[in-house]
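As structure tokens, the structure follows; a few thoughts come after it.
Read from first to last, the chains carry the letters A, B, C, D, E, F, G and H; within each, the first residue is number 1.
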Amino acid sequence: MGFISNDIIIEKYLRKDMLPTIFCTGCGIGSVMNYALRAIHDLNIDMNETVFVSGIGCSSRVPGYIYSDGLHSLHGRAIAYATGVKLANPKLKVIVFTGDGDCGAIGGNHFLHAIRRNVDITVISINNFIYGMTGGQVAPTTPLNSKTTTTPYGNIEYPIDLSMMAKVIGAPYVARWTTAHPVQCISSIKKALQKTGFSFVEVLAPCPTSYGRLNKMGNTLDMTKHFKESTINIKLYEKMLADGKTTDKMVIGELVDIEKEDFNTKYNKFCGELK
Amino acid sequence: MGFISNDIIIEKYLRKDMLPTIFCTGCGIGSVMNYALRAIHDLNIDMNETVFVSGIGCSSRVPGYIYSDGLHSLHGRAIAYATGVKLANPKLKVIVFTGDGDCGAIGGNHFLHAIRRNVDITVISINNFIYGMTGGQVAPTTPLNSKTTTTPYGNIEYPIDLSMMAKVIGAPYVARWTTAHPVQCISSIKKALQKTGFSFVEVLAPCPTSYGRLNKMGNTLDMTKHFKESTINIKLYEKMLADGKTTDKMVIGELVDIEKEDFNTKYNKFCGELK
Amino acid sequence: MTNDVIRLLGRKDLFIQGDDAAVYGALIADCRFFAGYPITPATEVAEGMALWMPKLGGVYVQMEDEIASIAAVIGASCTGVKSMTATSGPGFSLMQECIGYACMAEIPCVIVNVQRGGPSTGQPTEAAQGDVMQAMWGTHGDHQIIALAPKSVQETLDLTIEAFNLSEDYRVPVILLLDAEIGHMREKVVLPEVVNVKVDERVPATIGPDKYRPYRTGFTRTSKVPEFAPFGSGYRTYVTGLTHDKRGFPVTTSADVHEELVRRLIEKVQDDMDVIWYHEDLFLDDAEIIVISYGTTSRPAVSAVKMARKSGIKVGHIRLITIWPFHYEKMKELLKNAHTIIVPEMNLGQMVHPIRETVGKDIKVISAPKIGGAIHTPYEILKCIEEE
Amino acid sequence: MTNDVIRLLGRKDLFIQGDDAAVYGALIADCRFFAGYPITPATEVAEGMALWMPKLGGVYVQMEDEIASIAAVIGASCTGVKSMTATSGPGFSLMQECIGYACMAEIPCVIVNVQRGGPSTGQPTEAAQGDVMQAMWGTHGDHQIIALAPKSVQETLDLTIEAFNLSEDYRVPVILLLDAEIGHMREKVVLPEVVNVKVDERVPATIGPDKYRPYRTGFTRTSKVPEFAPFGSGYRTYVTGLTHDKRGFPVTTSADVHEELVRRLIEKVQDDMDVIWYHEDLFLDDAEIIVISYGTTSRPAVSAVKMARKSGIKVGHIRLITIWPFHYEKMKELLKNAHTIIVPEMNLGQMVHPIRETVGKDIKVISAPKIGGAIHTPYEILKCIEEE
Amino acid sequence: MKAGIRISGFGGQGIILSGVIVGKAAVFDGFNAVQTQSYGPEARGGSTRSEVVISDEEIDYPKVESASISIIMSQEAFFKYASRTKREGIIIYDPELIPDNKIEGDFKLAEINATRIASELGTKIVANIVMLGAFNEICNLISKDAMTESIKDSIPKMLDLNLNAFEAGKKNVKIINK
Amino acid sequence: MKAGIRISGFGGQGIILSGVIVGKAAVFDGFNAVQTQSYGPEARGGSTRSEVVISDEEIDYPKVESASISIIMSQEAFFKYASRTKREGIIIYDPELIPDNKIEGDFKLAEINATRIASELGTKIVANIVMLGAFNEICNLISKDAMTESIKDSIPKMLDLNLNAFEAGKKNVKIINK
Amino acid sequence: MIHVNTNYCKGCLLCVEYCPKKVYVKSEKLSKKGVFPPEVKFPENCIKCHLCELMCPDFAIIVEDKDDK
Amino acid sequence: MIHVNTNYCKGCLLCVEYCPKKVYVKSEKLSKKGVFPPEVKFPENCIKCHLCELMCPDFAIIVEDKDDK
């Protein structure tokens, strides 16, 4: 399996004058960006008709580096902005980059309702289990008992599972991987981009600066290894379940892949009927 | 099975100077209020230590009629206000009355996060499938193709299932009934009130003025009958599933009843450890 | 487009309410995206849009709340589609963060605020003019919006078109300040003749994507408004609410970049004050007392001034049509011969602040507030005039 | 309680930043509920609270956003617990609807706004004073809040305590306006002596539940602030943001009820202006030029005024500590002998508006804005003084 | 010519719609007209009011102070608004909804059992149109043609029912005193 | 006495913490001190600055214009801030991070390989404390006791490491020119 | 005794429907609220099940227990 | 040719770890960014799998295909 060289990515997809990124040493956001661009390249998506939308957070800085239209909105609002972009010009490919806080905390409701509406956008959520940009506060995804700057005695709130939520609310495509799964990530992002309707790809990513440091998880390398160990592929998981076994590990893999009429299709249909 | 007389309810639980209610002829909200008060009476709950919290909407007017502390907050914010009340004074019994719009549209995120935190409050959501107070606009619960004043050509957005959402996010008690199930409603509200942690009771209720009228569903009587026909009890449903059958009907009944440590218990525990 | 709309609307003389007029105005102005959330007394705007948009190839979407509504409107406008939302006080308060975004990123949009009694949920079905200061100062940080206030249903239609024009011309959010009275007031409305309707579009990019800088001004004009390349046009624009340079990229620790940007955002509007600032005056020539009003309140004010004139009082009237920006110089000029100014408002005194600021201590400025829902009667205003 | 806190904090001389001082002030004022959401440069307030609250039997909760934060704060305050949140511009904009609610329902709460460069996300790490007008006018409808602005870390601690006192005394949201500079500035702070700390509590209900009306005033005092019965005290209070009568029940179509309520909400604060309005002045006796400033900006302003005095210029200084309500009469009095007023602000001219309104045309009012993050240097202000 | 018409009752009776029909009819007849309204938070049952100012000149002030014609459909509204009718003005009311309809003053009173008549025609909800028939019969302010045209334009559905209601109103109204 | 100290470098180097330590130490020595800071949106790597004003009088203006002492830990910061040092002021820098350290003007220059020394002590992150050792060695503004006390108070964890770093800084600093 | 509070009653007639003993009928007289309330036509049939009270969304019915025969 | 852009590189050394042929080692020299970047020690071992580029979160490595032997 061969990968293309970075020079193609840099030349074709990046705003060179914006590099280097503001991300910390070993931050996983850069990896997810890299994977996403490779997926786009593979699909030969026209960057003139692609809009990257984001909220506020480290992860939300991604669109600033990508050479396409970009909409760096407000904290939590990326999906609502993206809904406007997509509905107003359905020709555009709309891709949202969002952090777990941006998507799941302040932005939780927009996430929910865009799924419900089945707006045809792809949301890539970089889940680093913490608020990176503001320096390491608890996120809705932070595991129980984890240390953050606002849970100095350990987190007592049950974390939310964004992908499971997306699944239950009815997103037609949902996948979760970690930065330690580049190939799978790229392949899922490709599928997501090809899906008509709301597609969601969650990528667990290391934030060594905040989450790693506060929870003594070592550097990016250590964290990446930890991801491998603390996750289980859905296929394996389902087998386990069938065998009556359970696990604490986080399920990764392709969680949903169905067909479902999206908002634009439905809207155009009834507009058509009106004429 | 005997019911108590309304004079007890009126004398003990209602603010007589506020009656009659502002609800329309045959509106189901009054019924749910009636059921809830009967549950409270049965449990002998101290109204001096009970706070009813609501947002904005017809359903949110309920606390105004109940003789206890009441907090009529802002549209969508009831659960966030209630979280403050409960955490600041854990001795209080906190009951939220909320509409499907209040709870699921503008308030969706607070709903989600209060469940996640497992705040020890009881949320009673009156689902009339529409925005009543503002005169009949589409709600996130409005069925596909239904007519509302903002979906004059029929609703194209997939409705959300509030109870299923509560279940998946992890609420320890979830039940759904309709106003046509007074006994079950009362019994579920009682269980909800006794549960430590987030409990959710959704009651499908007729809004003859908006939903009924726009969708030609007749009067309250007709709508109530329709509820009976278009719902299926979870036990029956599970049997059907087991038999490999499916149905379009909405599942009602007790959907979740588990034990799960609530926010206050966890918080007090670690506060205790600090000392 | 406009043509089609006027044809579609059919009969030229309508008997419609203010909320409907805002809908028709928007349709005529080529608004093709509406995202909103119901709220009394603005709901009818959404309902009208839900009815019309699908017929015109536009999009109506009811979002999950007001924040999502204005957010979607901004997103839609980035694609070059004229976009609008409508709300009332509580929703307007919720929109403030996004309104600041639209100011900062220079995304045109029109926000209709059908004012009701506040603060808070207050009096949902009663009229007020309680959000006029908020319209200017509601979002954090220095900024400049445009706000217009019509006095009749006909003018609601006309000013909605103008709101879109100004928004596109200056790339700034424009707030149309109605109130519950006018929103639900029905009057005869004459649809404009197709040929008479002026519909502006934002200035498109005049140079190629390679040279284009989204926030550089002065490509082809001296104006401080940058040219616009919609999403999907191949210009690959980056839009952010952070302080950005001319390329649109975040530069958040440079005082110079910030100052240049924020000053321009304000000056692009204020420099054109003479064009933007609409007003109407009556009997000013020899007026010693001047009544200043806006919106619905102007109607009893004009009645009162006419009555007072009949009894020989030298009184005039100024109606503010453009509420913000406030034209201090022009107002100073208009007011220079007055000895007393009376400002009836359906609030406890808001526009009276910039008016006092304009004239200082020499001229007596009387605030004539009225709140609670009922509009001033002509007699109440007349009494104020007569007492002077 | 207060006693415990001061003991717990240990060493009396601290070298802490403004955000921390707000935390300590709150703890000393008996704040026992904090709900917040992180945002630069206010995050440290939340972090401090997360550390301290559990030790003091108080509650810290990080909510899902700023709306939920202020909502939870209001809910908590209804139970009689002193409550606070902290944010910066974007979050402050989001809180506006709930702030109006707190005004309307008269629920005490303290909101710390550590101002950063706006509009929009602007300059997250840079200081500004861009939200002062918003503090007064940010929510819809007529209302009156109280806003205070400290100039030092020590004063941040002191004014946080005062913010709680005023909020409890007047049952009104109090906004503590810091900025990124002072929020992250570290200085020596001396904790107050236990005996010297004045900590006010809202006036409790003085009559039984049967006679008590939550919004009736004048039970025991002439004040326009109603007595308070917390949730759970057996008084069975109904709290709403709708216009309500003295019993607290919605009455939303009566002009009289609305007017009486909203006027009282404003007057209860404004009537006590002489008590609430804090300022500090320097060299006013013979001053012909007066520099008016507030918050961080006062520091270079005072430096500049001292320098100018050394070179013989008759210049004085007024520092606004209470920003809102604005004491027009007192200011008029203080400014009557000046011929020029200079108003340096870290915005493009906001408080200069009420100041101009105060003095009118006779006195020259010069706005000396500076934005972008850096605070004024004394020389910049000195130059303005010297030019007059 | 300038006339102010106040229609009052409770939510659900179609008070506001009545105002719209009258205002629109006036415009059809070539007048200027402004219709305003006032209502409470209740979808049904709250007190509701609709006012129409009709004039051949431009209408500045859009509200009705003393009404030339009061059309009243609830007891509460009768207490509140009947007396706020001009001297020699007309008060039209449904006596079954307003058992307590004594009033002092120089008014023309007209009764019409609108709600009952409407019920008999099939549905209570056209009671407002019955009232408008009565109004049209008693006051020659607006032409019958304009009124029926306006009803058609405003309620395209169930036209026959509404026109019947209108006619029934015209036929059954009773003037009580001059 | 009044002195302004400016510490600059990039995010992650502990620039702000250094300022806090210096300011707190000054307070321990009985001075007034104000520490302010400036940083960008980056958690790591962005340019960062911390300023401390130390005085025996009240400090109105809290910022440093020309620094009495500049402590510099990045090339970019050197370009930006080295020259904004007072005449005869002191510039302390890490030459490995600042290969291009030529500067004209009447300054005292002092070099310390803080990052390398810190790495050798076990971790780069104590480079800032090495710089502070150098600072304390060269400027007799603040007592050594106050400095170590302040380090203890500010970084309770890994105290030995930090005190070693501080001492290493004191020992290894080299004055380059007068 | 069965009391129908015509000030509270909005005329939905759920009581008429749900009374197992058909105690109520729709009244012929408009109430002040403009609705046709229930009329207690056959009080003697009442078995004090209180179902009408439970089903009335408006607390408009009180069936007194004490006059139990 | 393998290029390490030390202006982009932040020193996470994922490249060192993930390179299947151990082409990289940690440099001994601080870069201007204050980090120890990778050093291309054994370029001859490179098999052009581009894995280091894929794993580098900072687009700091370019492995040129064209100088394929």
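Everything that follows uses one rule, which is that a residue touches a chain if its C-beta (ideal position, glycine included) is under 8 Å from a C-beta of that chain, and two chains touch if they have at least 3 such contacts.
Note that the structure is predicted; figures quoted are calculated from it, not measured.
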Shared interface partners, meaning chains that touch subunit E and subunit H: none
Pair sharing more residue contacts (C-beta pairs) when E-G is set against A-C: A-C
Chain centre separation in whole Å, for subunit G relative to subunit A (CA means): 59
Approximate Å spacing (C-alpha centroids) for the pair subunit B, subunit C: 40
Residues of subunit F touching at least two other chains: 38-41, 44-45
Per-residue overlap in subunit H, given as positions that touch at least 2 other chains: 10
Residues of subunit C whose C-beta touches two or more other chains: 54, 64-65, 67, 90, 97, 101, 120-121, 124-126, 240-242, 250, 252-253, 373-374
Subunit C contact footprint on subunit B (complex, rising order): 56, 74-76, 105-106, 108, 131, 133-135, 137-138, 140, 149-153
In the complex, subunit D residues that touch subunit A: 37-40, 43, 46-47, 50-51, 54, 60, 62, 64-66, 90, 120-121
Subunit G contact footprint on subunit B (complex, rising order): 2-7, 9-10, 14, 19-21, 23-31, 33-35, 38, 179, 182, 219-221, 224
Residues of subunit E touching subunit D in the complex: 38-41, 47
For the subunit E and subunit C complex, residues of the former touching the latter: 19-20, 23-24, 27, 32-41, 59-63, 65
